[in-house]
């Protein structure tokens, strides 16, 4: 199977601090990988590195066939990142945000609307500026933007944090859909039950390196793929 | 081009919603004009004679704030990352942001122009020259402002660093635009169209330079 | 000599600026050398 | 003296890395520059004549008189200011093209030297202008004003460089700014022509002085001597920049080792934990 992520001794600094201190990681295409580790382990930096938003300060790496040294510009449009910062415009309404990013991604208006439906964003909220939404509601919008862009690699940083039951279910559903379409998913999460039910494998990070990689004991989607 | 227009429209829409320029920057610009009037002792003929220079000083100070705002819009909530991930070419992002900034500056200049006529008793004798040189200057200011704005963007010292870097670059614009307006307002005997040429050259140079340099800068931020 | 004061001022200010700057560079070089392992204290491969 | 020559109390075994930025080359260069400075001083104050020639009225003498001796600093400093800042812009351009850390450091060294020389140029210019033009500062003179603008622009460049951050990101930003500042250099020259009717500056100082042979010789000597000084400064400054980067990366290596130790401490626990609860 094609390799989606290939990192060897990857070092990545944030503000002079080596957040990643030599990560080795292999992810094959179609995997749903759960990243675990204590706060400050380097999960967020790893996801930003894989999104092409942080530069590699040591080691080597390839993501979706793009070299992290010189081909990050080719990589980025194929990657979707849902982070702590939602990367949306606070002053625009929900629809305007979605329409803008859909237009840049070449997606249609219908797809944008479908994504909002999928994330169960009520029609009442759609013409409201983002500033007036709660954190959980905003996260749904960010997830909808992600869905519209249909990336090949999904990088989710604590996607369940701050969401209510239906929001968690919607995000988990989104991840399953993506995996079913053959996309690769990396998600960092402390919320073990919600995350591990979709994950096929778990990787532990600590002190900026991968300390252990284990197959998930039982995983429905892994069985489905192996079959 | 379509993407550049999308980015520009997005910036203008954000301004329409937030009204930061209208309610914060525009009053600042007018207040600057008023203070400059106080500084010159409200001598009517002196004010009229200096009106081109005072006008452009006010415009440049205003442009600093507008450029900062244009960058701040992208950095709140890391929307700049989303633009990067969208795969839009950096030259197009630059064009879009500069276009939006130019449009906002043009609107501010119209307001300031009216204030100048009212407060300083300025008389616009050559309207075409005034509009043309203002347009050229605005494009130059917007291009330089967008480029240097992103230079200072990611650091915690944006408010202090941006003026230090940008104001020296604005110096030729101030000289050229003041002289061109001097001709247009009949306060200086120079060839205003020649200065318009200089402003156009500046605009062209910084537009091309900005379009080329924006990519490495965005990469540097990532 | 005409303008002796100006000439003295001009030359001495220039000398002071350049000498001060030179001294600053040298001192900084020495201080930094201590923080860099000797192996990496090379500017070009073929320096004396 | 020994500081200027870069000679250190080094008692190290041969081949060991020096604890300073000097080398045989720079000592030679420094010696040459010092000898040149002595020669320049002699030429400027002893051998070369004051600028004085018959005026339009009989018996009257006009000219800069002894103030011309300031030119032997001012003109070389001005020339090397533009050379250094031009070199900074060039190195910045090459950096944006090829991404070599070498070019980034060169640009930094050149900019800093250029700013110092620019200060020398402006100060000597003002000190010369006071007796000759009768004013410290002349707004009508474009070369003066634009040199000041250039000074401010590259002071801004140094301000940007002083902001801490990831070395590569800083290098890219600085390169763009260094190149952008160079756009001002041609505008300097253009505006001199444009504002000609308002300028006090001589079309060319060399022409106006109605150069005596020795005056010209001293001026050219000044340019060469200043060149040696600038080269000496540039070599040392470049090496300091190099050391700065190395010190930074040495600090990074230490942080990296610390970080890995943190990971090693965490490993047993995480390994035993397996996947999930």
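Some notes on this structure:
When the chains are written out, they are named A, B, C and D in that same order, and each has its own residue count from 1.
In the analysis below, contacts are C-beta pairs under 8 Å (C-beta built on N, C-alpha and C of every residue); 3 or more make two chains touch, one makes a residue touch a chain.
None of the values given here were measured: they were computed from a predicted structure.
By number of C-beta pairs in contact, the leading pair of chains is C-D.
Centre-to-centre, using mean CA coordinates, chain C is 11 Å away from chain D. Centres computed as Cα averages put chain A at a distance of 52 Å from chain C.
Between chain A and chain D the centroid-to-centroid distance comes to 48 Å (mean Cα coordinates, whole Å). Distance between chain A and chain B, defined via averaged C-alpha coordinates, is recorded as 38 Å. Listed for chain A are residues 55, each touching two or more other chains. Touching of two or more other chains is recorded for residues 219 of chain B. Contact with two or more other chains is made by no residue of chain C. All chain pairs that touch, listed by label, are A-B, A-D, B-D, C-D. For chain D in complex with chain A, the residues that touch the partner chain are 164-166, 168-169, 248, 251-252, 255-256, 259-267, 270-271, 273-277. The part of chain C that touches chain D in the complex is made up of residues 1-4, 6-7, 9-11, 13-14, 17-19, 21-23, 25-26, 28-30, 32-43, 47-48.
If you check the complex, the residues on chain A that touch chain B are 51-55, 72-73, 76-77, 79-81, 83, 85-92, 96, 100-101, 103-105, 129, 145, 149. Residue ranges of chain D in contact with chain B, taken from their complex: 96, 146, 149-150, 152-153, 155-157, 159-160, 163, 165, 168-173, 175-177, 179-181, 183-184, 187, 190-191, 194. Chain B meets chain A in the complex at residues 3, 6, 10, 13-14, 17-18, 73, 76-79, 81-88, 219, 222.
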